[in-house]
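There are two complexes below, and they share chain A, which is joined by chain B in the first and by chain C in the second.
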Partner chain A sequence: MTRVALEHVSFWYPATSAPALEDVSLEVVGGELVALVGRVGAGASTLLLVAGDLAPRVVGGRLEGTVRFEGSDRAGKDGGRRIVLPSPWTQLSGMAFTVWDEVAFGPANLGWPRGEIARHVEHALALLEITGLNSRDPATLSGGELQRVILAGILAMNPAVLLCDEPTAELDPAGAQAVWRLLSALAREGKAVLVATSDLDALPDVADRVVWLERGRVAATGTAALLAGDAACAAGLGTTVAGVWRAAELAAPFPATVAAAVRRWR
Partner chain B sequence: MALSPTLRLDRVSFAYGMVPALADVSFALGPGERTALLGRNGAGKSTVVKLVTGLLRPATGAVWVGDWNTRAHRPEALARRVGSVFQHADQQLFARTLQDEVRFGPRALGLAPAEIDRRVARALAVLELESHAGEHPYDLPPAFRKLATLACALALEPTLLVLDEPTSGLDRALRARVARALLERAATGVALLVITHDLAFAAETLERGLVLDRGRLAQSGPLADLLASRERLEPLGLAPPPVAVLSAALDLPGRPVREADAVRALARAARVAGGGRSI
Partner chain C sequence: MSGRLHPFTLLAVAAALPALAWILPAPAGAAATLAVALGLTLTPGASPGSTGIGSSPGWRPGSVVFRAALLTAAPFWLFLLLLHDVPTTIATGLRITTMVASIGWVVAALPPARLVEAMVAAGWSATAAYLFAATLSAVPVLKSRAQRIVEAQRCRGLSPRGGVANRLRALGAVALPLVLSALHEVDERALALETRGLVPGVHRTPLEPPPDRVAERVARWGLAALCAVALVWRLA
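Let's turn to the complex of A and B:
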C-alpha cells in the first residue's frame, strides 16, 4: 500500500541548533489528500523535504526518528516519491528547449521506453491543460504557465506519492481551482497527496485531512473543519468565511465555507 | 497646468520574437493611485512590469514615467522613479546581509550616507524586518526574502512602485504587513501598480482594477465593482474573492468586498434579523 510516514521525526538544518521539525508524526496513504497549513516558518516546507527524502540526503542537516515509504514499482525503481518545489523556476531542468522536452525530462531519467515516455507526457500536458504550450521555450513562459509545466513534469513520472509546496501560488484563480480539482482526483486514483498551502479557502472542498504546524510541531490534525475553529482563526489560519463570522461576533461554530454560511443564515 | 500622470502607457505593443505579449495597451496612473493589474496566466502582466522598469522597450507606442520616456532612459536611471519587485525574490537578491541588500539601491542612486541610513531604516521598519537586518538573505525563509525585495524597492523612495505578485507564499500576517506598507506609501503620493492573483489582498489594499486578456486591456474601473461581478471576472479567468462571494450569497447590503466592511454588514444584518434566528 502506498504510504509515506514520519514517526517522531525531528530535523535540524546544517549549522542550526533549533530544530525545524520537532517530534512530528504523520502518515499519508494512497487515496487521500492531506494539507499542511501553518504560519511562515512553521515547518511545512521542511516536512515536505523530509517526506520526499531530500532532507537530510540532499540539503544536509540531521534527522532523528523514522521516515517510512512504500511506493509502487510502476512509478519507477525508487517507488515514485516526487516533490513540486515552491518556486517553479528553481525546478526547471535547464536541459530542455521546449515544454514537451521539459516534461519528458523526468520520465526519460527513469529509463522508460520512448513510447511510454510520450504517452505519459501527452497525458500530463492534457491534465494541466497546457498542450498548446508544448513547443514553447520554457524560459519564455509566465510564472503561472511555468508552474503548470513543472507540475506536468512531475505527473508525467506517474508518482505514487505526490508532495507539493504551494502548487497554486503562481496561478490565476481559475488555474488554482483546476489544480485543486486535479490533485483531488489524483488522490481518488490512489496516489498519496501531501500539499503545503496558504490557500486556506480552497481546502474545505478538497482536503481529506488538515495538519496544522506550529513552530515545527503538529499543533492539531483534523478535517478542514479545523480551519473554522476559534484557535485556527486566532492564529490567522481560519478560512475567510470563518474569520468574517468570528469577527462579526456571531455564534460558534463558525462556517468554513460560503455554502455552510448560507445554510446557517437561512 | 494639470499634473502629469506618474505612469502612462500610450498604445503599447510588444512581442517576444513571434509570440505576441501586449497589443495596443493604454492606461495612466496618477500620484497615489492604487491599481491592481489582473488577468490570467500569460495575459501579459509581467511584460508590463518589464516595460515600465525599462528592461524591455515597447515595439510600438511609448511608456512614460512622469515626463521620462523609457526609451530614453536606462533601467538604472529609471530606478530613481520606479521601484520594482519581480515575481521570484531569488532573482534579485545578492548581498551578504539584508541591510546591505536594502542599502544597495539608495547607494547606487548616489545619495548621502545619512539619507541612505534614513531610507533603509524606514523601509525595514515598515515591514518589521529590523531584527533580520544582519542576516544573510538566503538564511531567511522564502517569505522573508520576498519582504526583503519589497524593502529594497521601498528604500528607493520612488514615485511609482511596480510589484509582481508581492504576496505569493506569504501567510496572512505577512500579507497584512505588505498591505500596511503599501497603503502608507500611497498616502504620501506614491502610485502603485500591483500584479496579483490574490484578489482578497487586492480588495483590501487597492482601489482600481485593470484586467489584461491575451495582451489587451479588457477592463478598467473601480476594483470593488469589478471584484463583486462574477459575470465580468469569469470570462477573464478570474473569480470573485471569498468575501465578495459571501456578500453576494447572503445578499449583504452594499455587497462589500473588503473583510472589515463585510464583518460590519454581517453583524448589522444579524442584529436586524433578531433573536429568533440561530445565527
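Let's turn to the complex of A and C:
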C-alpha cells in the first residue's frame, strides 16, 4: 500500500528562524487526490518538498517530526516519490534535444531497459496528448506545451506518489481540465496524488480531500466543500461560485460549483 | 559522412589535426592539416532529426562552417603579420587556422546528445555527461531567455539600437537580468534533476548508443600513434 505520512513536521529553511512548516500532520494514501490550498507563502510548496524527500536532503535546512513513506523508493517498477515543480523552464533536463528524449530522461536515469523506457514514454506522451510533439526541440515549446512535457517526464517514471506544485499554472482552461482529469484518473489507478494549487474551481470535481494551510500550519482539512465555507471565502480561498454567492448575501451553505448553484436555483 | 561516425572518432580527428599542425614542420605540414580540416568543414554535417537524438542545435551546412572558420581565423593572421615576419606568420597562421577549422567542424558535425549517449555507453557517469550536454544546450536556452529580456526591456523604453554608448547601456540592461535569473534558477534545477533521478552514481541507460565499430577504434588509436610518432620524429 502506497502511503506518505508527515507526523508533527516542522521545517526551517537554511538561515531562517521562522519555520516554513509548523507541526504539520498529513497522510496521503494510494488512490486519493489531496489538494493543498493557501495564500502565497502558506507552506504548500515546502510541504511538497518535504513529502518528496527533497527538503531538507537537497534544499538544506532543519526538519523536526517524522516523514514516512511506504512503497518502493528505488529504481525499479515503482518510481517512488516524484515532484513536478511550478516553473517548467527550469525543469528541462538539458540533456535532451527532442521531447521524446526529454520524457525519457527520468526513466533512463532509473536504469530501466530500453524497451521498457520506450513503453513508458509512449504511454506518458499519449496520456498528456503530446505524442505529436515528440520530435520537437523542448527549448522551442510554449509554456503550456512544456508543462505537459515535464509532467509526462515524471509520469514516465511511474511514481507511486505524485507531487505537483501548481501543475496547471501555464495551461489554458482546456489544458488545465485535461490535466485535472488525468491526475484524478491516476489517483483512481492507485497512485497517491498531492497537489498544491490555486486553481480552486477545479477542486470540487477532483479532490478527495482539501488541506488549507495558513502560515505553515494546517488551518483546516476536509472535503472540497471546505472551499464553499464562509471562512475559506473570507480568506480568498473559496471557489468563484461560492464567492459570488457569498458576495450576493445569498443563504448559506454556499454552492462550490456551477452545477451545485444551478441545482440550488431550481 | 561525419554524421555516421562515432562521436569519439570525430573528437579524435578534431584533436589530431591541430596536434599534427603544430608537430609537423611548417609550412608544408600545417598546410596539409589545414587542407584536411577545411575539407572536413565542407562535408555534410550531422543530419538533424534523423533519430530521436540526432538533432543538434549547432548543426550548420558545411559552407557556413567553412566561411565561419576563415572569418574567425582572419584577425589572427592580421595580428601575426603585425608582430612577426612573413614566414612565421604563415607557419603560425596555418596552425591556428587548422585549430579553428577543426573545432568549428566538430561543433557543427557532432550533436551533443550523440556524444552524451556515447559517453554513457562507454561507462562515463551520467553526471559527467550531464555537465557536458547541459553546457552545450545552455546556449539556445540562454539565447531565448535573452530575447525575452530584450523584449521586456523594450517595453520599458530601452532601445538596443543607436550608437556605441546606447548599445553598451542596453547590453548591461540585458546581461544583468540574464545572469541573475540563471543563478536564481540553479536551486530549482537541482531539485528537478534530483527528482528525475540524476543523482551521483546513477547507472543511466543509454537511449540510442552510437555503434562503435572496430575500424573506428583502430583509426582512433592510429591517430594517437601517428601523433606520437610525429612528435618523436620531430624531437629526434
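One rule holds in what follows: the second predicted complex is superposed on the first by the 258 of 266 C-alpha atoms of A that agree within 3 Å, B and C clash if a C-alpha of one lies under 4 Å from a C-alpha of the other, contacts with A are read in each partner's own complex, and residues count from 1 in each chain.
We adopt the following convention: a contact is a pair of C-beta atoms (placed from the backbone, for glycine too) under 8 Å apart; a residue touches a chain by one contact, two chains touch by 3 or more.
Quick caveat, the model's predicted, so the values are computed rather than measured.
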item: Superposition on chain A - do chain B and chain C clash or fit; value: clash
item: Partner chain(s) touched by A:Glu166 [first = chain B, second = chain C, both, neither]; value: first
item: Touching partner for A:Ser87 - first (chain B), second (chain C), both, neither; value: both
item: First (chain B), second (chain C), both or neither touched by A:Leu203; value: neither
item: Which superposed partner A:Leu155 touches (first chain B, second chain C, both, neither); value: neither
item: Contacts of A:Ala104 with chain B and chain C, given as first, second, both or neither; value: second
item: Touching partner for A:Ala192 - first (chain B), second (chain C), both, neither; value: neither
item: Touching partner for A:Val179 - first (chain B), second (chain C), both, neither; value: neither
item: Touched partner set for A:Cys233, first chain B, second chain C, both or neither; value: neither
item: Touched partner set for A:Val244, first chain B, second chain C, both or neither; value: first
item: Chain C clash site on chain B (candidates 74-82, 110-118, 128-136 or 236-244); value: 74-82
item: Common interface positions of chain A, toward chain B and toward chain C; value: 87, 89-90
item: Touching residues on chain A, where the partner in the complex is chain B; value: 38-41, 45, 86-87, 89-90, 136, 140-145, 147-148, 166, 169-177, 198, 201, 236-237, 239-241, 243-245, 247-251, 258, 261-262, 264-265
item: Footprint of chain A on chain B - complex, ascending; value: 16-17, 19, 39-43, 45-46, 87-88, 90-91, 141-144, 165, 168-174, 197, 199-200, 234, 237-239, 241-243, 245-246, 249-250, 259-260, 262-264, 266-267, 270, 278-279
item: Parts of chain A lying in touch with chain C, wherever the complex brings them together; value: 49, 52, 54, 58-59, 75, 82-83, 85, 87, 89-98, 100-101, 104-114, 117, 134-135, 137, 139, 153-154, 157
item: Chain A-touching residues of chain C, taken from the complex the two chains share; value: 49, 52-53, 55-57, 111-113, 116, 126, 129-130, 133-134, 137-138, 140-141, 144, 185, 187-199, 202-207
